[in-house]
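Some structures are shown below for you to check.
Consider the two complexes below, in which subunit A is the common component and subunit B and subunit C are the respective partners.
Right after this comes the complex of A and B.
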């Protein structure tokens, strides 16, 4: 193992400089949790490719470029007004109980989630009351080190639209905690950053109670280095998680989606469907781990990851992992990387469709079934238009 | 069906589950415990090795001292004290044997107990055997007949003395000295193993087989196998392994290197049945093995088949480097873990050449409190036009306290390559068992039947005699896991 001479850790420097100005500072519970988090950052250091989970995403090397985490302005905000009694807490004044119970409780498990917790200068907590079903999605934007907590009470249903807004050369590290109580439902759609040279990291932790449902779609066009890490725990009987995503990567882009879904209770269900297209010099990564805990009988888990390479300078890495400790389960995963189906191309050719057009058609079909997982038609259409634009870029980057 | 019947019979008659657990009382020569340069020199000296070989070993030892033990596998075991083990043990006073008659009768008895007929008359037609007892190879049969075909099949210690040009050229060329912690340790202290050389255009006239036996206590076994198939050659090789039952853990760290040149084919089968420890997980062999084949030539093929039923800890990834254009790599595996066994095993298929193809079929069975992990890499490099891989990974869980895990890595850097991976996890369904029992098949037999069906694709790949043995082993390994 190579260990570098203690290179300066920008996160520790940042904490040293700004600890006194952090939101909510002085509330003992929060100060204590921040102190624990920064201890973890200090102990684990910056992730690099020798750490198994970061094998395909070398953050330490990427940070040696122009993306200075210390300089990134911290922005976490909602674009629209909230409705139906949704409470927004921005850490001015004493925290209500639901914040103390949730903030920094489930979502600190590694350097990056600990860093966003300890360093976020901009932080929001949202509380959706029981049975509330707001018609409009919550639109969340972020850049720099930020933190978000969403607590959805029993029977409520809400949609979260999330967009990174950091500019070129920016550094973003978003930590998000989501707590879904009995029968609650969250539809989560994350769209891509437009800044090619940005580093965009995100760590999501979701706790799903019985009969509650978490649905997510991650649309990515990649950046210099981007990673969305999702941890879901299906805690109650009948809890569900359905996660899908597409990464459409043009020249110089990198996108890593890492998921870990834990079936901790009986009769829980999860599905995952991820599609990657990589053109130019780009790299698409999917690492998905499913754990079925002892006693989580009747769990049903499905996972599919597929990749399409457009040239010899692109790379796709897939690691679908199963960890199973219960015997009465249904678990299946499939993964494939390859080119477009030759027979389909031939068929379309025989119908008079030119090859370029046929390829474009098949690529859309390839991505389409993952995007179709988005329930809301308007959001689906808007995501799809972004996919189309990214696809045009990725295919033109073909060497 | 008859095999199933036999399995059940065997299970019923066996007083103990691990029938190879006996110790042969034979005078042994064992080096003092500990590992340092003097021990490396001593092993090299015992083997009358030339100077270059000693230097090679010392180089490996110096590197090993700088290395740290890997910790990424899903296996947990107490820290190994590498100074608390002997690195060389040999049956005394048989430096050079001209024929089997000179072998200590006790040794022959041991092998007879193991069901390995060393005596030529008793041999299954067409199987040549090399038997390795602790650190040395005690007998190699059928040497003459193989010699006529030009095939060299001998202990590697002999090859180092008599075919240095071949050993120099190929040893460490597939698994480099500093490849990993355990391979480097092996490079420093390996004591014996088999060497096979099949010349150009020769189809080896019989199956080659080596049986490894750990006998002495507080020793480790470090064998080294090197197989070279020249242009157009074919060889099929089988190894089997057993060890006595002891409460201590013994270390086994082997290295196997295969080289297939243009159009050559090597088929390597393993039936690994080291002592797995008792029902409480006490004792058993720590099996840390590096096996790799290099399809160096065009149109070459390397096929690994393994039946892993033994060892307390298994850490083993027989791999193929598909360097030659159109080369083929195969990996067929059955890994059974019962009681407190832990297995982390799989393969690596490295596609470098054009039109290279690989196939992986892995069947993992967990019972009792065992943890069974498949870990595999399929990597396609930019020049591997039209590479193809298909991986199928099935796990079977028997009982509520065991674990089955799958960790595939897929890395593709060529757009024309196609890689497919499928995995399933299931249990022995109640209705399957019920159906069998309603037909008068008892539970133990039914489990053996279902598991053998689950493993069929892999069992079919074994040479016939061993397929039968392996089927029985599957049944015995799972004894007591249901009901």
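Right after this comes the complex of A and C.
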């Protein structure tokens, strides 16, 4: 009988097996960045609950006993044709300058972002030329280890719709880098995975130049383990980020949204509005850190996170955090977790509204302002219908 | 219409109503007056079927049916309406949408078809104008940021909309200015009908000048201690509760 020592890190095995087949391999700048990334994966290991940032989301335990993440098919693709001179580079042939300048430059700091960079067999880079304003959203879908770079040139405005498509028991780890030049705007909407038993990780890094704006909405129904990690740097004067999200969790679901917004320049603005509803045995997590760097005077940041628990086995952890190194700064943040309000339930009941309907009404009302942050009416309506379906699931679990 | 016999109600393990008797016939308007904390709101919540208001003895018979086992929404569907002393603010739900949901819930429970948004709006408009509730208010979140008087007017608007068989008004007059008081009283009087009964809870005789009651009851420490005609309200105003309670003992 032969025994094989259990590998402590399946990502390293994966790299060893596939390094030679990765897209764009042989381009020295890319090989070098990948080598650095895998070094980071090796040094940091797989995140687990004793690492402060991953306290509520124990990836190491979740990975034990699941399919080898290296076997997850890597898919990164656009569902629709691009318009208005948008360039798509899929790492066949030499990379153009905008790829070399952007790919793997800002978005590699944690293990998982490094892993997606080093291991993604499917990779896309998108370039939106200056002042382009395509009417149709870019629809991006992914599963497995993937990597996406989006560069939006000055004055352009584009919408990104993003969906994880891995099935049950799948593993996904998406790394996304977004670069917004002067006055550019990206509307980013991420919708949920349908696969209850999947592990879905995402690491987003966004760099926002002066007068540019990043807007994002993360709609999640959770999976066995899911985490969306967002790093935004507002690096030019007047840059803005407006991030919102709802997590509606049924039995057995876990959704973690972790954000870090850095106000690195003067007169920058950020808002965050997150609402979680947790039913059955489920867990919602929001960790939001705001840093106002030295010199970022006149910055304004707001952050609200609220949780609604539907039963005693559900858990919601909200952790807002503020670091301020500048003067004349406005910061407002609040976080609260509660139950459905009994006064409100009685009031609605006394008007003839049956209890189940009254609860649903209050839950929709609770989520309303976060969903309404989505600017595009069609997308907002489609998110609402997903929210409705998730609410039905979340409430069917016995409390 | 309503027959309450030897009603005992506990809230949070504490007995608040201690053997209350009250009988209201169809077409009648009754007033209940009584000192703070005597149990007036407790009675109104109990009639509406609020969870946590435990009926530990006695009975509430409404149109020949014992209410005590019925949930709140079922009572509303059967025509019981409570205008609350403290209407609840519900952020994120617009007033008009709430009206539509409530109306259709009650209609469904009675086996009637749903009204669409346009029909609901048409129905609400006329009644809102009569109560001087501006249409802009209907688009705002239910009761959120409404003034005390606006909230009370909205309660009466709901009463006009739902056309209940038994309307309980818990201190609807408090917080109303003089003009609004008249508007609300007109609204209530317009609903007076042979097949409808009303229970008006108030601290002030003034309201009863506009809504003239058939009977007046004095509630003290969880019991009705005195009954009379509309002149009893005047007597209360003149003598105060303390004297009346002493006289009744």
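Going forward, the second predicted complex is superposed on the first by the 390 of 399 C-alpha atoms of A that agree within 3 Å, B and C clash if a C-alpha of one lies under 4 Å from a C-alpha of the other, contacts with A are read in each partner's own complex, and residues count from 1 in each chain.
The definition used in the following text is that a contact is a pair of C-beta atoms (placed from the backbone, for glycine too) under 8 Å apart; a residue touches a chain by one contact, two chains touch by 3 or more.
The shown structure was predicted, so the numbers you read here are calculated from the model rather than taken from an experiment.
With the two structures laid over each other on chain A, which partner does A:336 touch: subunit B (first), subunit C (second), both, or neither?
first
Once chain A of both complexes is superposed, is A:19 in touch with subunit B (first), subunit C (second), both, or neither?
The answer is neither, since A:19 touches no partner chain.
Considering only touches as defined above, state whether A:366 meets subunit B (first), subunit C (second), both or neither.
second
Once chain A of both complexes is superposed, is A:349 in touch with subunit B (first), subunit C (second), both, or neither?
second
If we overlay the two complexes on their shared chain A, which of subunit B and subunit C does A:40 touch? Say first, second, both or neither.
neither
Would you sort A:326 into first (subunit B), second (subunit C), both or neither based on which partner it touches?
Touch partner of A:326: subunit B, not subunit C.
Is it subunit B or subunit C that touches the larger share of residues in subunit A?
Between subunit B and subunit C, the winner on subunit A residue contacts is B.
Per the contact definition, I'd like the list of subunit A residues that touch subunit B in the complex.
1, 52, 294-295, 307-339
Would you tell me which residues of subunit A are touching subunit C in their complex?
So the residues of subunit A touching subunit C come out as 342-344, 346-355, 357-358, 361-362, 364-366, 368-369.
Touching residues of subunit B toward subunit A in the complex: what are they?
Within the complex, subunit B contacts subunit A at residues 68, 72, 380, 382, 395, 397-427.
Over in the complex, which subunit C residues touch subunit A? Could you list them?
Where subunit C meets subunit A, its residues are 48-51, 71-73, 75-77, 81-82, 84, 87-88, 90-93, 98, 101-102, 105-106, 109, 158, 162.
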